[in-house]
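Next come two complexes built around chain A: one with chain B, the other with chain C.
Right, the complex of A and B next:
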């Protein structure tokens, strides 16, 4: 199936003629290709898995996640995604969807949150966290981002996230802003959203979790940020670490009022 | 155990700063807290060490200017440029231009120096990620300016000539250490940071300046 998709992308790219025209056409072709894919987003499968996991009794405590408090009270999941990250009094931390799910998996089900955080993406319980985040994001699809900035720690995390966004370091001196700090730029043919302000509905923070056609994987926001940092030539950000959450607050607050399209489909 | 202690510390730090927030926490406190959070959040992975986040004054000053949303003041920018210019290693062989065909390969490659690369992964120059270079390659980025006809537009007909010397030297310096000419340039410092060797920088220069290179057709 992936093979067919790759082939059709090549076919679309093959409809190219003179250089200038070809360039425009290639971008448009990729857009058309993405639109075609919208009809059947494999994220559906992860959504279904996530919903089942939410209700399934699991872990040493043989309990479901149905009493998990994602910020709107125990068991309330509709609309929770577009208000995260936020401050949680019980953990005394600002948490995003994925780190909050770890808290619930530990407190309700007796699973070991630190162990799950250490597990590489795409393995074991990490796959379950991704599926859960995918389903919970889908339950807020088309809702507008509305992160709270009323708790002092939420404000502090926005400011820390902003500093992280502009942090230049590593072998290439890159920061997030190197690629995402201006309007209308590209890496190769890939359009880059300007994330220092509201990039609009379904762009940037409002597009993850997403299914990635190029590698056939479902990625949550934690993995998206992790891979940005990899390409930035930064060291490895811990899963659910304060740095990743602060960045999420910065991006999420900047996206206030934009509609979430997650789970999205990406190249 | 050590880790949970660290996390507790950072939570405490958040609480302290948060308490100060009612009166408006200072940007110095926020900078300190950010440094603590960075320390607790990132770890070594593969060839990338967490210590690369202890970056130099150039990056620190530019990051701070970006956060403040205003450019560096002129004196500071000039001082940073001068310091970076001092680091430029001019070609020991005296040969500024190598092989444009090798330069094109380097310009195409964006590989190397991530935690999924190993020490034997050859580093690319990442050039096409941000620049148009040859007309033939239509998949180019736009963060940097177009370099198509780079030598031709600057009147370089013989890169070895005295007339071409200033532009050849500038181009070497720019590729070696971009911050020597623009303190907070988005461009990596390919020579200075050890991304490319002298021979590779010479190949990139040939791609840009050799009249036979497709860049100048």
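Right, the complex of A and C next:
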């Protein structure tokens, strides 16, 4: 009698033990979900649109963007994305991919850059900027980030970006570091990368532009950073603002040596 | 004019896996805009796929299908070099056809 009781107890323990082992962690389930999405990333559609826009003659000057200088000389776009933001002598500014595209759209095509920068995300020409950035990022896929820090302005932007990253303010007394300053944290089911150091291949700065499945939108880094500020209840820094570009420099320099997987797919 | 689809068709043995990405808003007709007015429904209703001109798939879709939908199916007997064409028609009567060669 005692014998059977012990045996059944062992059997029961064995059963619960295996059930625990078989259960997937939340992170594993999300990974599986991402893998399923990966195959049909709608970012492909934006990539195709961006490539067509690059070659298409548009604007008052009826010109294409094929002579746009993204930092590696006019018309050189392969590998340009992983070296941005950087300092540009012609505009005397540190620029990221999206703000540099605006410069090219103005100088080459005659479009009004200030007007486009003021356009809300997801409307009109902003959609074209995002599509162009998506395609250009895809042309540097799997390449490793290597941002220049040789120009004094680039160093200044890194330091400014770092300060902004840790600056706590707003109704919630939040900083970027409140969410992205520690290892192994998450909000609900979202992993939060630690962006104060190199987060690794395809994480953080190396994962944008990305397609967001939940709202069906393609987002560039500018929209991502501006949305971080919205979530912190900060005033809107604006498209291509020095603040968001400085943060881009900080994140980009921290990601040195990590491979870009953009365009990525997000929940 | 709607944006083009992305179609990939990969043969393995006697089966070909076709992956299609369609660019479409797929508005369900339930949402309201900032002014409180209902955003009119706008979604793909009919999808057909052909293999060398012969229909191999027809589907009736509704408003529950996601934005920029992804469709994957397997065609038996399709070989490398064959043509796979996909066509959709939405509730506004707009259509789009694209073709891919099986690789």
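In this section, the second predicted complex is superposed on the first by the 241 of 267 C-alpha atoms of A that agree within 3 Å, B and C clash if a C-alpha of one lies under 4 Å from a C-alpha of the other, contacts with A are read in each partner's own complex, and residues count from 1 in each chain.
Keep in mind that, in the parts below, contacts are C-beta pairs under 8 Å (C-beta built on N, C-alpha and C of every residue); 3 or more make two chains touch, one makes a residue touch a chain.
Owing to the predicted nature of the structure, the values given are computational and were not obtained by experimental measurement.
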> Mind checking chain B and chain C on superposed chain A, clash or fit?
Replying inline: fit
> chain A residues in contact: does chain B have more, or chain C?
Replying inline: B
>> Which partner chains sit in contact with A:174 here, chain B, chain C, both or neither? Use first/second/both/neither.
In response: first
> So, A:238: does it touch chain B (first), chain C (second), both, or neither?
Replying inline: first
> Which of the two partners, first being chain B and second being chain C, lies in contact with A:76: first, second, both, or neither?
Replying inline: neither
> First (chain B), second (chain C), both or neither: which does A:35 touch?
Replying inline: neither
>> For A:49 in the superposed arrangement: first (chain B), second (chain C), both or neither?
In response: second
>> Quick one: is A:216 in contact with chain B, with chain C, with both, or with neither? Answer first, second, both or neither.
In response: second
> Taking the superposed arrangement, what is the smallest distance in Å from a C-alpha atom of chain B to one of chain C?
Replying inline: 11
>> Please output the residues of chain B touching chain A within their complex, sorted ascending.
In response: 10-11, 14-15, 17-19, 21-22, 25, 30-31, 33-34, 37-38, 40-45, 48-50, 52-53, 55, 58-59, 62-63, 66-67, 113-116, 126, 128-130, 135-136, 138-143, 179, 186, 188-189, 193-195
> Which positions of chain A touch chain C when the two form their complex?
Replying inline: 39-40, 42, 44-45, 48-49, 213, 216
> Considering the complex alone, what residue numbers of chain C touch chain A?
Replying inline: 3-4, 6, 19, 21, 23, 26, 66-68, 70, 72
>> Looking at the complex, which residues from chain A come into contact with chain B?
In response: 16, 19, 22-23, 26, 92-93, 151-153, 155-156, 159-160, 162-164, 166-175, 177-179, 181-182, 184-189, 192, 230-231, 233-238, 241-244, 246
